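Before I ask anything, let me first share the structure, which is written out below as structure tokens.
To keep things simple, chains are lettered A, B and C as they appear, and every chain counts its residues starting from 1.
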């Protein structure tokens, strides 16, 4: 089955991953650079990490971003699960196309458009009914939930497409009403998808610059906003330090995920063996009549 | 294997009793999906404790009909009554009906025990009672020792039993089975067929089975409902369907058959004579046929009822010369394909009575085909 | 109990469930676009908010609506805008193509690797995606600038003696877009290629096709849905991209995302910014609809019964 030339494939992978990772590695390496001129090596130093921890503006922004991300991710998962269930299981209904469109468009909509439109909405609402009063954490959260739920919807919808519908029918057949079916049967089965949807929404929120710039208020600067205003002026090694911390967290997360996945695979293999053995047992007992 | 016919099997014929009311009444039910008619004006009566099979090819509407009984589809027209109650508008979770799904649909995140207990929990039955009934049911399907396993730790045959146990533990009025044996391999299938019948008789539940496999239908059912293009074509016991088909379609669907097209040349209450272009001599049938004289009819003769002999038969009807074209040796019997003078190919099966090959009829041999006057079934459509 | 409340309102459970995300999206996704449309017809003024209201109460019972098409006329007349549109489309298009040329071989290689390594490779592709987009673009500043990584290395090796201007050029923007959007190209391509039935390629070989030809005739056509999805996932957002041109491109580079931002934040001209957004949206509606069709096809429609 080794079709084509393996060396071509290996080369593609090596070059591709080099392209993907050299920038990240350079960020990490130069965060330990003594010299302020980020790309000129002046010796090993961890002083930029110290500077980072003492930078109150960055710390405040980071805290705000984490709070916003956590809340947005949770709300996005709730709404996205609703939408994913509806699109995967509810069949045709009036207005389905619009719902489908509204959950797909945010995936590709340029952020400047989403940001502008939401800001104008908040301004208009404030004029009409007095809420939201000024822009801040609430408006950022609403904005993030709106575009993140589109991603969660995709994740949930595609997971549900793989789940056998007869499971839900069987539960109904055995006496469970639709709401119970969802909580007892569907939810436990798709739970890993919800988890990855949450992580996805969290990352998207944490990373968002453009939309937050539009809908944030004077007192609320998110981490990307602070980083952006700094790097517009040029490179800054404390930003490298920030990046390295982030990369470390993500790397740990990815490694943990990888280990969890391989453990799951081992369990699955063991269960398949068990099933095979059970099958043998059954055939034996049949022969005995 | 059964050692003697059971009393229940011998006497169980509620459909012949004029006083008996059907337990399940399907009343002129139609189901349309857009312009496509999946089930077309079907009426059926199914009696208590029957095993009733809906048999037909893919797309004939049998599964749709089953799903309407379960409550997963709403009929476009018609009503469905179970034990006298109109169930047509009642959702599946409120019907006293349970279903065994083709894919088994076992809940992967629950153990065997929890799967079987699920339905009982929805009915808010007490925990001790649930435990008792689950244990009993698992014993009945011989899965007692696997109670704590999860579905993917079981073999296909075991999963099927869990699905069965889960559906039966609620003591439903009606159990629906969707292709119950399709996923099993052959040896297991035969064994499970008889087990299913035993379980049904022990519990006394009415079964409605959907299947495309004729052998399965013939083995399991008390009666078969053969479906084609959304309609019920014939309802009857396996014997009735096989020996007394009401149309070409039925005779051709079940088993193999030789069909001779012809015209009635003599039409009497107690016998008919049919002239066919494929035969030099007429077919004489010992029962009457309701049809107009001169009308086109078809005589269906099963392969096991056509006999071959090397001596020319006496009599005017019911025999023809033929040449052996092909033989398929199956061990216990042989299938012969013979060519008639008209070019028509006829299929004959014969048990291999003689062990030694040289005594058996062989390729290219000229023989005489003959059959009993009671063997042909005459159908008019 | 919730069921009884809903029943009294005349709703059934199903409708209530549909209503939850529906209402949210209507309110926070659709209505904003209507407002953008409305404001694009308005005039800028020094006030908060900095635009004139569209509707005036002329007298107690008469409502006057004032539509100013001037903003759209302005977009057409002033070279800046339509040049920016065209340039953005061009840059996005080229970047998409480059992404495809780099991403397809990678996706193909991952799809054909052993299943044990496959997961690791996928994780490696996804890992950059989880790290901050902004920070990764920032990394390129350090790599491309005049005393940055590439220039320093090349000068140290003696290949060049003057730094090559890479930052603040169009080249940097291409690199930035391709780099940032690469995972969005690889993942749909991989998802599609992974499902490819390898026995089809074996059949082609059996019938006399050389590997390259069977790639062109079998693999490529079958991977078309993945290609389309990946390209749309890159192209559409790239057209309106702001951060990458702002950080890596020449300050004078005309990209419509930057234009919108500048109109809004620097010029405080909300009506013109809105008009820019509407014009951009109108252009993107068709690709977005294509994308939705492609998504629906992948999801198998979802509609049944």
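Keep this in mind: contacts are C-beta pairs under 8 Å (C-beta built on N, C-alpha and C of every residue); 3 or more make two chains touch, one makes a residue touch a chain.
Just so it is clear, the structure is predicted and the values come from calculations on it, not from any experiment.
Undergrad: Among the other chains, which touch chain B and chain C together?
TA: Both-contact set = A.
Undergrad: With centres defined by CA atoms only, which chain is the most remote from chain A?
TA: B
Undergrad: Find me the chain with the mean Cα position closest to the mean of all the protein Cα atoms on display.
TA: A
Undergrad: By number of C-beta pairs in contact, which chain pair leads?
TA: After tallying contacts for each pair, the winner is A-C.
Undergrad: Rounded to a whole Å, what is the gap between the Cα centroids of chain B and chain C?
TA: Their C-alpha centroids are separated by 58 Å.
Undergrad: How many angstrom lie between the CA centroids of chain A and chain C, rounded to a whole number?
TA: Between these chains, centre-to-centre, one finds 17 Å.
Undergrad: Measuring centre to centre with CA averages, how many angstrom lie between chain A and chain B?
TA: 53
Undergrad: Among the residues of chain C, which are close enough to touch at least two other chains?
TA: Residues 305 of chain C touch two or more partner chains.
Undergrad: Please output the residues of chain C touching chain A within their complex, sorted ascending.
TA: 13-14, 17-18, 20-22, 24-26, 28-33, 35-36, 39, 49, 102-103, 105-106, 108-110, 112-113, 119-121, 123-128, 130-136, 138-143, 145, 147-149, 152, 179, 182, 198, 201-202, 205, 211-212, 214-215, 232-233, 236-237, 239-243, 246-247, 257, 260-261, 264-265, 270, 273-274, 277, 280-281, 284, 287-288, 291-292, 295-296, 298-300, 302-305
Undergrad: Under the stated contact criterion, what part of chain A meets chain B in this complex?
TA: On the chain A side, the touching residues are 164, 166-167, 169-177, 180, 184-185, 188-189, 268, 271-272, 274-276, 278-279, 282-283, 286.
Undergrad: Where on chain B is chain A touching in the complex?
TA: 70-72, 91-94, 97-99, 101-103, 105, 107-109, 118-119, 122-123, 146, 149-150, 152-158, 166-167, 170, 187-188, 191
Undergrad: Flag every residue of chain A that touches chain C in the complex, lowest number first.
TA: These residues of chain A touch chain C: 1, 3-5, 8-10, 12-13, 16-17, 19-24, 26-27, 30, 37-40, 79-80, 82-83, 85-93, 95-96, 99-113, 116-118, 120-121, 123-124, 127, 142-143, 145-146, 149, 153-154, 157-158, 161, 178-179, 199, 203, 206-207, 209-210, 213-214, 224, 227-228, 231-232, 234-235, 239-240, 242-243, 246-247, 250-251, 253-254, 257-258, 261-262.
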